[in-house]
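By written order: A, B, C, D, E and F. Residues from 1 in each chain.
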Amino acid sequence: MNKKILETIEKLADIESFKDICHLQNHSNPNPSVDVLNEIVHLTRAVLFPGYFGDADVNSRTMLYHIGVNVDRLFILLSSQIKAGLCFDLRSEKNDCTLLDITANEKAVSFIDQLPGMREKLHTDVIAAYNGDPAAKSFGEVIFCYPSIRAICNYRIANALLKLEVPLIPRIIAEMAHSETGIDIHPGATIGDYFTIDHGTGVVIGETAIIGDNVKMYQGVTLGAKSFPLDENGNPIKGIQRHPRIGDNVIIYSNSTILGTITVGDGAVIGGNIWVDTDVPPGAKLVQRK
Amino acid sequence: MNKKILETIEKLADIESFKDICHLQNHSNPNPSVDVLNEIVHLTRAVLFPGYFGDADVNSRTMLYHIGVNVDRLFILLSSQIKAGLCFDLRSEKNDCTLLDITANEKAVSFIDQLPGMREKLHTDVIAAYNGDPAAKSFGEVIFCYPSIRAICNYRIANALLKLEVPLIPRIIAEMAHSETGIDIHPGATIGDYFTIDHGTGVVIGETAIIGDNVKMYQGVTLGAKSFPLDENGNPIKGIQRHPRIGDNVIIYSNSTILGTITVGDGAVIGGNIWVDTDVPPGAKLVQRK
Amino acid sequence: MNKKILETIEKLADIESFKDICHLQNHSNPNPSVDVLNEIVHLTRAVLFPGYFGDADVNSRTMLYHIGVNVDRLFILLSSQIKAGLCFDLRSEKNDCTLLDITANEKAVSFIDQLPGMREKLHTDVIAAYNGDPAAKSFGEVIFCYPSIRAICNYRIANALLKLEVPLIPRIIAEMAHSETGIDIHPGATIGDYFTIDHGTGVVIGETAIIGDNVKMYQGVTLGAKSFPLDENGNPIKGIQRHPRIGDNVIIYSNSTILGTITVGDGAVIGGNIWVDTDVPPGAKLVQRK
Amino acid sequence: MNKKILETIEKLADIESFKDICHLQNHSNPNPSVDVLNEIVHLTRAVLFPGYFGDADVNSRTMLYHIGVNVDRLFILLSSQIKAGLCFDLRSEKNDCTLLDITANEKAVSFIDQLPGMREKLHTDVIAAYNGDPAAKSFGEVIFCYPSIRAICNYRIANALLKLEVPLIPRIIAEMAHSETGIDIHPGATIGDYFTIDHGTGVVIGETAIIGDNVKMYQGVTLGAKSFPLDENGNPIKGIQRHPRIGDNVIIYSNSTILGTITVGDGAVIGGNIWVDTDVPPGAKLVQRK
Amino acid sequence: MNKKILETIEKLADIESFKDICHLQNHSNPNPSVDVLNEIVHLTRAVLFPGYFGDADVNSRTMLYHIGVNVDRLFILLSSQIKAGLCFDLRSEKNDCTLLDITANEKAVSFIDQLPGMREKLHTDVIAAYNGDPAAKSFGEVIFCYPSIRAICNYRIANALLKLEVPLIPRIIAEMAHSETGIDIHPGATIGDYFTIDHGTGVVIGETAIIGDNVKMYQGVTLGAKSFPLDENGNPIKGIQRHPRIGDNVIIYSNSTILGTITVGDGAVIGGNIWVDTDVPPGAKLVQRK
Amino acid sequence: MNKKILETIEKLADIESFKDICHLQNHSNPNPSVDVLNEIVHLTRAVLFPGYFGDADVNSRTMLYHIGVNVDRLFILLSSQIKAGLCFDLRSEKNDCTLLDITANEKAVSFIDQLPGMREKLHTDVIAAYNGDPAAKSFGEVIFCYPSIRAICNYRIANALLKLEVPLIPRIIAEMAHSETGIDIHPGATIGDYFTIDHGTGVVIGETAIIGDNVKMYQGVTLGAKSFPLDENGNPIKGIQRHPRIGDNVIIYSNSTILGTITVGDGAVIGGNIWVDTDVPPGAKLVQRK
């Protein structure tokens, strides 16, 4: 270590160099941990789809034990991360984090309470993927291999946490699926049953998008914002409704872009590589002009 | 652990809640394991491209030892996973899995037997990537950095296993490369020598696609199905021919979509962002209309 | 292990079968290691964004210690990998690698010396991402979740190493971010401050692209080469200028493709799904024809 | 790697150099694995003393799940190691190992069946250690800290496996405790309830020793063989009775040596540093001469 | 898993089968963890003897960073384990553990506060070992190799924690050194400076033993209790004074046993294999009778 | 982290507080690493006794590969640790360590060159253990379970390194076996073939002891120094001859102590618990007086 490096270390540890951008952890509570959140996602998947994720050896006789141990650990880890997320959000108020334990535990219990329902919903997504793809050989293949199952699974986890008003954590979990699958679903989106995305790379579903039941998408589809109103400083106003509403039984082929607060009616079919920024009536079939 | 969680555990372990969707492992054999399959892919890459994948310290003097140990371990792991895949496929017949050991071993031996040929084929893909990209500085850089090499490597592994009639495993291996590279090649596709994909994110190559020698693609290219005949229940018929046939010496630029059982003739060039669903004659040059 | 496998091992270890394609490590120095480079990226991120990457428990009181230990380890690992990269480049000259230690150490020191400046630049990218996305709730959320931050972070690391004339390593580091985020930025590109990419999957920024300050891109944007001159063997000439120059304050919407050595003027806005291969004047607004 | 090392490798891999001393694994079955046996001991301890060994977080509500998962894994690992031990014993008969699966599973089931009784016996040993040592503050301290509990626990595991006629494995498990505690109890010894050893380093209890109930020993006590009859080659005859029989309620103080097929009567007390090779009557008190 | 195993699992998870012997963790707080305590000992050794334990790469320039990170982690882990120990002690009082955080933190701070003094004391022990053994080549060799340094180090850690009234943890830490070195020093013993034990296997130093400065022992020495008064139930009374007091400058050769509340005067020398249960005057030299 | 801890960190990182006792690593070379030396011992054992240590799956067909990979790694690690040991010894001379690479490599090659001979010698030790113990069922059991094999194995490794004039490392390796087995053999001792130690806990064999062929010892035997001449400062003179010479075919029973530069003649038998400090004639049989 020569002297130059020592000087650089001093510079990098100087609070002036990170105070604006980094989180000031002045309440001696750890930040959320992406590694722990990864384990949380793995545990939840192992509980929802036992035998596919987690221990490959689980069978119906030993199911109770494996679910029990996994939920036990999930509860402990999730409580700690929910607390870390809540605490992160409170950064200007110094001493409140110790009071967050009970809230965090309650939110973790509520989340776990929703797992059986989440499995039922994901069940419908598996059926939709199997039915919709001639290449799918079995439900098992869909669960093992289809990136859309992983992306929707993380979305349903993240959406449940968002509704429980857990800050920050839902977005990190959604982004894990984005990194793993190329499918970027914002936890704030609303998505119905029997949802499936084929291949999926490049799909973007925005924060205020609403998707009905039995919708199918292909790779590269964007449900995006067209434009967004700016505040007095010229920056976008946060959290405003700005994404499309997709009806039931809609199919959107690859690389099409649906923008703005428009409505795509029930049963519409949108061909590939199309740019849509106006309402689409129910049952309509849009194709690219030749 | 409060009482609510214990009740949720009971619900999640209730066979009614998972029997339709999950695989019933009633023959006390483990499911395929994505973690072990990951190790299998790492070992195979280390055997095919020693020094780039696996131990960075291997050299020509110690090559035999490293190859020997890696192939030894590959054989053991692959046999077990092929057995798990075969057993998964037999789920309704309870007691047959113990008889699958010999079959699994034979298939693993056949797979290993193909590795020298697989290295030769991948050699041509490396040359194609190097020759085709002005940014490529050496073969070594191509093997270390180019996602197409990883995706094609997994494809060639998965395709060999599929031809050996190993169920499920090939799709999992292909999907690993999809997650790693954004390139989604179905193991059932047929791909010639000197194949290269630049950048590659978003590429989709369907189950029944056929690609000749010396073909080059860019990111976002889809070789997909246009439509597929439905069975009496309104679901797609499985396994039917439905993807394009691409001739030799074809170039397809970024984000173009080639759909259906069409033929793209030898030496054709397809420009970027184009939607093609009819035959393309040999030597043709398609560009986007302005 | 039956006899057939032993024969295959012999074939795979036969120098004839790998000498053309693999690197001949005849100087008893290890190849660069992707695993070690992964740790280098993690350490650098932990130093640049403490608390977000690396130890979640770091706070302003313990910052100096954590930065110190991480930089110490970064220096050791980076020196070894720079040496491995330099040595890899020298493959025809057998005995020079032992002399590379000092050069490698110097380059590692120079790299570390740039970390404070790199943090400042990345600071501007975080601000740009936060300001540009109505869904972003805080700087912390941007650093934790936005793939563009990871991709630009790796780009800035790789670009610094490339300028220090470290071979091979920069491309491997850039490709790590490509795999993680679907954003493929060549280390040779030149990128200004306040740069942001929303969603990002499928973005490609070529080796000789130049991007001004305060530029925003969406998913699927390509800054690519239109065509490249061939040498006497019909192969592309390496390293020639072939990508666009993007001015300041430019926005490029999703899936648009900008090709060739064109210039996009300051303040231009390029709509989604557009193919651009001619200069765009400052302040112009291009949209897709209906 | 210079040439000399390559030659040494050849020598070390020459079958002539290891065939007499090493086990010839000519039936393609792995040897027993000390690492797996270590995990087996950890799992068994975690099942017998939950909360002390294994997961520190287990409580009465989650006990069933943790015991279930641990026994599940114990069964799988133990079956495989029992098979490896049986197979190791058959080395001259080449093809029988595949038939050993059922036998191995049965023995593993029988072992697990004995765990509740084993816990009861160990319970008495904990009580004896607590009652016998003024320094012991609680049962919990005894289980966490007392080496005798670990040594007796491994002894009771090894003894049960020995009675199930599992070769080799019991001795390896006993030796693990010897290494951990300095207490060397042969799995073939017979030991009653309420057995305790204080400190324990250097204790040796031979293969054919018999110990009654409520016996207490201190460090350095040997229950050994005095001499053993030789066979025609001048080597000791294997497996013959050659160690002492210790009655109930006996105390043996530190570093005393009890040798040969003698009997120490009920209630006897043997002082420290004494050499005993004749019968000791019930209730006798032996002390070192001054 | 056959039915028999499932029944065994039920038996083993039945609270009746473990409630007397195991700790009832009814306050949802984890038990102390031997694994975490192991890490605590490693961290403390790394802080006390940097470069010998922990990171081999530390040097005087980077010392501050490594000490800082290690003490930071030590504080976090030690606080949690002290709390677990305090909570374990409170088992009959159900709800108090949440109040123990502050106490645990305070005790951890007090412990860390003593580390500089502990290093000074251990410094004298290293000097004593080096001076006392003709085989010792350097201080470095003593710290790296001498089991007495490890045993005394753990003793000094455990003794400090015991004085801070931390339950259970000190005994576990002392037993770790016993397992590692064969030297069993009770944390309650009182030991002066310049203390050394050569070889050490089998040494036992009891709970109420007192040892002066500059004392040297060899392997197999016991400072034990001769007898202990029983309570009304016939069990030993806990915690009573029952071990010897050893003066300054005493040498005790191998395998000697010093028993009871006797005093060995300053400067005495006790030969090997001797049994001592009466006072030894200052300067006396005891040898075994021939 | 409160302020008190920060002050303690400063104190502990103050060079004054560690400069006398710790090694000053002022040449930016790492210390020897006990973790790496542990791996070195494991690799050497795996090479000497394949199938017993290291990979349980090795068989005669794959032996060459496993030996090759293990020796390759052994060479790399051992060279680095020999260099670290040599450098540690040079602490006052600042800049010489970079010149030690070649010396370290040569010593590592010499060590590896001795492995086939070392295996032959250890072969004789296995035979001696098997023949000498009625409880030993097979050579395999001896290698798997007998602590004397591990202790003698480490001794033979350490002795070879000591003869190659490698500082520090041999003692660390010997101490590893001491910790594992309770058998403390100094690397400087000279030990013949067919050597065996039964049980072994507490055995001490001093630096200048000489042991003939076919010697058998039991637990607790010491070959120690009686007294050692002091230098002008009252400290023992280093490295002087001070331990016994044991002839061929000698048996020494448990807990006996042989002290000083005496000779025990060929074929002598020394009973248990005896203190011997004068020559023993050949063929003599010493027993404890009653």
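Simple rule for what comes next: a residue touches a chain if its C-beta (ideal position, glycine included) is under 8 Å from a C-beta of that chain, and two chains touch if they have at least 3 such contacts.
On a predicted model such as this, the values are computed, not experimentally measured, just so you know.
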Centre-to-centre on C-alpha atoms, which chain is most distant from chain C? D
Measuring centre to centre with C-alpha atoms, which chain is farthest from chain A? F
Fit chain A to chain C on CA atoms, both being copies of the same sequence, and give the resulting rotation angle in degrees, nearest 5. 120
What's the distance between the Cα centroids of chain B and chain C, rounded to whole Å? 26
Chain-centre distance (mean CA atoms) for chain A and chain F, in whole Å, is 57
Residues of chain A that contact two or more other chains, please. 1, 9, 28, 57, 59, 62, 64-65, 67-68, 72, 182, 201-202, 220, 255, 273
Residues of chain E that touch chain D when the two form their complex: 1-2, 4-5, 8-13, 15, 17-18, 20-26, 28, 30-34, 36, 84, 88, 167-168, 171-172, 174-175, 178-179, 182, 184, 186, 188, 201-202, 204, 206-207, 220, 222, 224-225, 228, 235-240, 242, 255, 257, 259, 273, 275
Given the complex, residues on chain D that touch chain E span 47, 49-53, 56-60, 63-64, 67-68, 71-72, 75, 109, 112-113, 115-116, 119-120, 122-123, 126, 131-141, 143-147, 180-182, 199, 201-202, 218-220, 254-255, 272-273, 288
Which part of chain B faces chain F closely enough to touch in the complex? 57, 62, 64-69, 72, 76
